[in-house]
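A, B, C and D are the chain letters, set down in written order, and residue numbers restart from 1 in every chain.
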Amino acid sequence: MNPVNYLYLAALLFTIGATGVLIRRNAIVVFMCIELMLNACNLAFVAFSRMHGNLDGQIIAFFTMVVAAAEVVVGLAIIVSLFRTRHSASVDDASLMKL
Amino acid sequence: MENLIAPLIAAPLLGAAVLLLGGRRLDRVGHWVGTLLSATSFVFGLILFADLLGKDAEHRTLTQHLWTWISVGSFQADVTFRLDQLSMTFVLLITGVGSLIHLYSVGYMEHDERRRRFFGYLNLFLAAMLLLVLADNYLLLYVGWEGVGLASYLLIGFWQHKPSAATAAKKAFLVNRVGDMGLSIAIMLMFTTFGSFAFGPVLSHTGDTSEGKLTAIGLMLLLAACGKSAQVPLQSWLGDAMEGPTPVSALIHAATMVTAGVYLIVRSGAVFNAAPDAQLAVTVVGAVTLLFGAIVGCAKDDIKKALAGSTMSQIGYMVLAAGLGPIGYVFAIMHLVTHGFFKAGLFLGAGSVMHGMNDEVDMRRYGGLRKYMPVTFITFGLGYLAIIGFPGLSGFFSKDKIIEAAFAKGGTEGWILGGAALLGAAITAFYMTRVMLMTFFGEERWRNQPTRSPQAPSAEPAAEHRGEHAEPHPHESPKVMTIPMIVLAVGSVFGGAFFSIGDRFLHWLEPVTGHSEGDSPLSAAAVTGATMVCLVIGVAIAWAQYGRKPVPVVAPRGSLLTRAARRDLLQDDFNHVVLVRGGEHLTRSLVYVDHTLVDGVVNGTAAGFGGLSGRLRRLQNGFARSYAVSMFGGAALLVAATLLMRAV
Amino acid sequence: MSAAAVHSLWTTAAEPISKIDAPKIEYGQLSPTLIVVGAALVGVLIEAFVPRKSRYYAQVFVSVVALCAAFAAVVALAAGGYGTTKAHVAAMGAIAVDGPSLFLQGTIVLAGLVGLFTFAERRLDPAAHGNRVDSFAAQAAAVPGSDSEQAAVKAGFTTTEVFPLLLFAIGGMLIFPSANDLLTLFVALEVFSLPLYLLCALARRKRLMSQEAAVKYFLLGAFASAFTLFGIALLYGYAGSVSYARIAQVVDGTVTDVDPALANTMGNDALLLIGGAMLVMGLLFKVGAVPFHMWTPDVYQGAPTPVTGFMAAATKVAAFGALLRLLYVVLPGLRWDWRPVMWAVAIITMLGGAIVAITQTDIKRLLAYSSIAHAGFILAGVIATSKDGVSSVLFYLAGYSFVTIGAFAVVTLVRDAGGEATHLSKWAGLGRRSPLVAAVFAIFLLAFAGIPLTSGFAGKFAVFKAAADGGAVPLVVVGVISSAIAAFFYIRVIVLMFFSEPKPEGPTVAVPSPLTMIAIGMGVAVTLVLGVAPQYFLDLAGQAGVFVR
Amino acid sequence: MSFPLLTATAALPAIGAVATAAVPAARRSAAKWLALLVSLATLALAITVLVRFDPDGTRYQLTESHAWIKDFGVRYELGVDGIAVALIALTAVLIPFIILAGWHDADPLETGSRRWRPTQGFFALILAVEAMVVISFEATDVFLFYIFFEAMLIPMYFLIGGFGDRAHEHGEEAAATQRSYAAVKFLLYNLVGGLIMLAAVIGLYVVAGNFSLQEIAQARTNGSLHMATSTERWLFLGFFFAFAVKAPLWPLHTWLPNAMQESTAPVAVLITAVVDKVGTFAMLRFCLQLFPEASKWATPVILVLALISIVYGALLAVGQRDIKRLVAYASISHFGFIIMGIFAMTSQGQSGATLYMVNHGISTAALMLVAGFLISRRGSRLIGDYGGVQKVAPVLAGTFLIGGLATLSLPGLAPFVSEFLVLVGTFTRYPAIGVIATFGIVLAALYVLVLYQRTMTGPVKPEVSAMPDLRARELVVVAPLIVLLIFLGVYPKPVTDIVNPAVKQTMSDVHKSDPKPEVEAAK
């Protein structure tokens, strides 16, 4: 099967993730969508590395996972503290500061 | 000997400085200091005069160069004085009459606590006037020209607490400024045309340039003259100028300053000779003014205003003469001098009358004063005879010559101008007789008439002493005032004869002004005859109106012309409506424009940005997701744009 | 896809491992980063093992020492000519050691040091239960207003973790502008972003706003880094490598051994352009350029002011450094594609920042928008694509960062019962109450406004000059206009401070410890020195203006 | 390398400013005296400059040149020509009087914090302005000039916004708001002008590669530096705009009335008599020298604008009800004359314009400061609130009148000479414009005399009946100014001798020579 299709899939996932970020309210879900986008990137990396016949892409994918993991740690910490304060994880509730 | 010219000016200038800066400690002697210095200047004048007489006619020009005033590129203005027969004549007139009036003022202003300053101003005037007539170039002349304007402003408005006085002063200065505009433009024209504005270069090169240029210069000079000499259309200030103390009216607004215009025209004779159109304009202005002033003079009940009208008209004669060119220059000056005598005398007389009448100026509240103030009556009477041109008195000679010259202009112009001059003579006879009768003859209309001086009561503190609303007790003025009147009376009686016998004056002035005999369609005798006839008619009518019938204390409504004349032939009303009102509207609307438009644009821009900011600000709505949207959109745009760039 | 390709792929994979030789790392040349990160790790250990009472001092001590050492290292490297003659790519192509990176690292370290002082300030907040506290939460995990928080406050807890976090952030920032391949770039990006997210959440007062700021910053930041990553992926797809040099060569066309099969299966220029755009977008987000700026005001306002100051200064420096390298080293071949786009971005950034700032009522938000406008000005210099452009941007950044930290440090001083009084109305008449503070702040504002004899003017002039030299005259005109607009609101603040009557219940100005004084003093000094005698630093930036390829 | 006289002249007031600001709060009078002494010392230095300057020597004298910002092609280059010397002298002469006149303007009423020291600030700021003005007159490096041209705004801004008339018809609060409005307006107008100039400055650098006035001018004349016509015009406009705002030229003038109205009289004098001169001076020095062709290209428009300023300013002055606003609009009219003279491109015009800057400085100072004394007595700026003052305070009225007469440029007082030169200079090349401009002298008479009549003459208003006459300090301020007015009116040679050679240079920069008279009649 032509690896280009993986790229299309990656693009699709990325778009889905981005859309999710734009439309979902719950911070956790938004965050998940971002993770989805990162995974899309990973897919792209791997696909490209296969096309180019070098392993850089696959290595980068591992890096990405690590970074994503770190992001999860930080992100969840922040979101949870927010949730405990406001008893809501809706990003729209967090709009004290505007204008 | 020319080194005496500067002191001539310096003396009164020094006086002005001392008196104005001296402070109160000079209050007691100030007036004498002023008089003394003006007399000194007169003495210097006499010395110089003697010196000139000593020389032969062609070399009677002294020049004194003091320093280079302005020098930029080819623009060269020197402080240089030029004393020739013409300026000499003026010097004597100014300092002579000036000194007399100083003397008179000592008495007249006796009770004014600001007398010191008054004399300071008088001296300042003398200095400026002397500078005017002694300057060797037009720019320096301009300094004197505006200097006398300033002095007249200060003196007209001397009683500044009177709004009317302050307004009159301002008006005088402004109208004069309009004239000055003409003078400065004339100077610029001279500079661009001749590369200089000194008398010598300009007047000796009039041949080398186009008539158009000269006409322009001439007209501008005429404008200046109109302003200073109260000629139509810039005459309106002179009547109001009578707000000033009477000696001022006598010196500045009768004898000297107002004649500066005539001096300017005569001095620039060379320019006018080469510009017939300009000359014509001058004569027209003169003719119109002499009638205008005369008519106004007929209608006024305020003695000073009546005299002011007469001044206007007499100067009209001079301007007319000056406009006639070489035929008339000499006589213009001669009339100027004689007029200086008798008009100053008349004004001093009027002052003396007012002095005795609690500053009442309304002639309808005079009458029969001859037995209460004989000296005044006699001197005034002589002046009267002189001005109407009673045979043998000075006015007779000078005015007669002018009328002749007018006819001598030849052609229809000649007839028209001559006719106007004759008519003027008749009217002069009428209004002066009127003044004479209303003041000194008839029944005593001031009996049981509480005086209500039109001027603010405290106008002349002298009045306060004599208590306000009492009935006036006419009395003769002190010596210090009567002596100058007598002297001037003598001048007005014999001056003309002295000048004319053997054409003394003509020969004296000819080298400067040049002279030519026009071919008059009428013989001299005929003109004289005609003049006499007019004189008699005028006197007769006046007698019929004011001599036989009693004069009503309250002015009758009068004919349309009379009413118009009372209001200076509506000229002021015209000014008020057109200039004052129009000006006010203009400025007010401009203020509005400046605020709303010019400023508004700027403030509007600022407000615009503010509003824009306020609107853009709302995009920052605090919702993280909308921020994400903008980022996403931005990214999309970025990508699209980049691709687009490649596509194109 | 052709069989050959498949085969080759397998064989490559089947190569014996022994072929891989050990990596060669020039530790000396990476020392600044290594020192800082090492210190950060030490800090973590301190958190673990040192008793609470003395943690603060230990942390501050370690951090200060580390940063000083790092700065010394930077200076040493620069002196050693690594900025100019010996500039080269280290760590197997991962890190570039050259003029720009050294200059920027120096700037960042110094900014970090000054920022650290403001972090360590403990005199401003009134002592809680007898123990002095800084501007960070007693216990970030405790719910605001809860008993546990009360307890934490009573116990005099302080979040000393901020210091290692700060050091980590600085470490990341040190790598960011010198990263020489996209992977390093991305990792560095995350390494300095994540600590900042946390720091934002740690305010002692107004904690809700603080947490909100953290959430917004985190979500949007992560969102942006996702784009960055995808961009990287596409570039990798385009060039078959993530090393700057390599990509640049492919872009230039000097190397064309990309699989032809691949080349014709997809228009790889599209890959290049899209990837480049997304990558740049990620960086524009960090510098806060319109339309990727919207996080800036909220985060600046909500974050603890010392963090805001540090973030505003150092992040900009690092991000612009990276952007410069990207555009000058990786994508110069695409100049004609990205320049117009960047023009547009610069223009709307300058105007947008200035215009929206006019109507701000909170000093921190005001400064946030001003920082956006400044990002626009700097972009103008970036676009010049000339050596002058680089050095002018470097100079601008150096000047700007210290002014910013100083300004925010002043903001921490003006306090009322509710902590910092950031609403502009409360600043009315400050000049009457404490002329000195007001004067200092006025100086900073004038520097922002770019009035001559301040660093702001020199920087602006340098940048605009470079832009005009590069033919971007319209950009200069817009810049001039927007600085005129910007002047308006800076002046508004000055008017407020000096010309309006002080409110009776206005805020008081706390007397800070020498730490903050140093921070502010540093700001003033830099402002004036760079304003009056900038030549030395211009030379510095000029020498540092060349990237290694 | 001799003693850096020019630097010293600028540095002394700068140092003085710092010193004055440092005087402790309690020692107000000390600060005043210090400031006064410094300004007098500066005057001494300025006089030395005047003496050391040789009118017939090289164009720029007492030059100093040091490297400053190499990367920007900026050098610290000072040098003075006749025009600059005259204006430096003017500045140095006026500042002491300004300080003396403002002696009590900054005495604090309310007590702010212990560290709030308005008095020190006031005088320090005045000295700072002096320093910056002086150095911008001296700078022969465009960038150096620009820096101080801009920096000058800051102290001016604080002077306008920070210190106003004591009493105010609508109370102190309203006064404060109006003041800050005026100050902001002043700053924004000039800042916008300055920033547009900045663009042009940068452009100049791109074209020329350095900022040295002499080098650029030289390169332009010997053709080694060629500017495209359009470039030159754009750059010229950029420069001119800034100067026109500063000058100010219609329609960029509206900041001036507000600024002068709200600030205290001495500060108002500082604005119009000293700071604004930098604008007109810069037109003469930079616009004409750097962009001769463009200057000639723009001349018609500029002349028309100047003409509008003359008439428009005068008319608005007539329409004002506020003494200070009136003077402000009068100044706008006068600046119209100055600019007209500069761009008439004749030696009379430009010498006249320079002379005009000096004379206008002195005359406005005289008029405005006396007006300030008047206002401080009655506590109102409105003309309508006065009347009959001459009765109770004759000396004040007299000096006021002289100031007014100078403003309407009465012959014998200094302004007449310059105004007439400008008119002649314009007339020789543009007769129509010259003639229309002459209407200005009538309008000037109108607004001055109306002002005098309404305030000084007429019956004494009860509010002014107790008004004291000028005090000794105030006389010390006014008398010398009046003496100067008279002296320069009668004997302007000292100034013209210095200015003429410089103007000749400028004329040659723009390749213009005076039109020849039709008849060469001068002996």
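By our rule, a contact is a pair of C-beta atoms (placed from the backbone, for glycine too) under 8 Å apart; a residue touches a chain by one contact, two chains touch by 3 or more.
Here's who's who by UniProt: A = NADH-quinone oxidoreductase subunit K; B = NADH-quinone oxidoreductase subunit L; C = NADH-quinone oxidoreductase subunit N; D = NADH-quinone oxidoreductase subunit M.
What you see is a predicted model; the values in this text were computed from it and never measured.
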For chain B and chain D, chains touching each: C
Which of A-B and A-C has more C-beta pairs touching across its chains: A-C
Most distant chain from chain C, judged by the mean position of its C-alpha atoms: B
Chain A-chain B separation of Cα centroids, rounded to whole Å: 97
CA centroid of chain A to CA centroid of chain C, Å: 24
Between chain D and chain C, distance of the C-alpha-averaged centres to the nearest whole Å: 46
Geometric centre distance via CA averages, chain D-chain A, whole Å: 65
Two or more partner chains touched - positions in chain B: 606, 617, 620, 622, 624, 628
Chain D, residues touching no fewer than two other chains: 188
Multi-partner residues of chain A (each touching 2 or more other chains): 18, 21, 30, 91, 94-98
Contact set on chain C toward chain A in their complex: 1, 5, 8-9, 12-13, 140-141, 143-144, 183, 186-187, 190, 194, 197-198, 201, 207-209, 211-216, 218-219, 222-223, 226-227, 229-230, 232-234, 236-237, 240-242, 258-259, 262, 265-266, 297-298, 301-302
Touching residues (chain side chain A, partner chain B) in the complex: 18, 21-23, 25, 30, 91-92, 94-99
Parts of chain A lying in touch with chain C, wherever the complex brings them together: 2-4, 7, 10, 14, 17-18, 21, 27, 30-31, 34, 37-38, 40-41, 44-45, 47-57, 59-60, 63-64, 67, 70-71, 74-75, 77-79, 81-82, 84-86, 91, 94-98
Partner chain C, residues of chain B touching it in the complex: 606, 609-610, 612-614, 616-617, 619-620, 622, 624, 626-628, 630-631, 633-635, 637-639, 641-643, 645-646
Sites on chain B touched by chain D in the complex: 20, 67-76, 139, 142-143, 145-147, 150, 153, 157, 160-163, 165-167, 169-170, 173-174, 177-178, 180-181, 184-185, 187-189, 191-196, 200-202, 204-205, 208-209, 213, 583, 586-588, 590-591, 594, 598-599, 602, 606
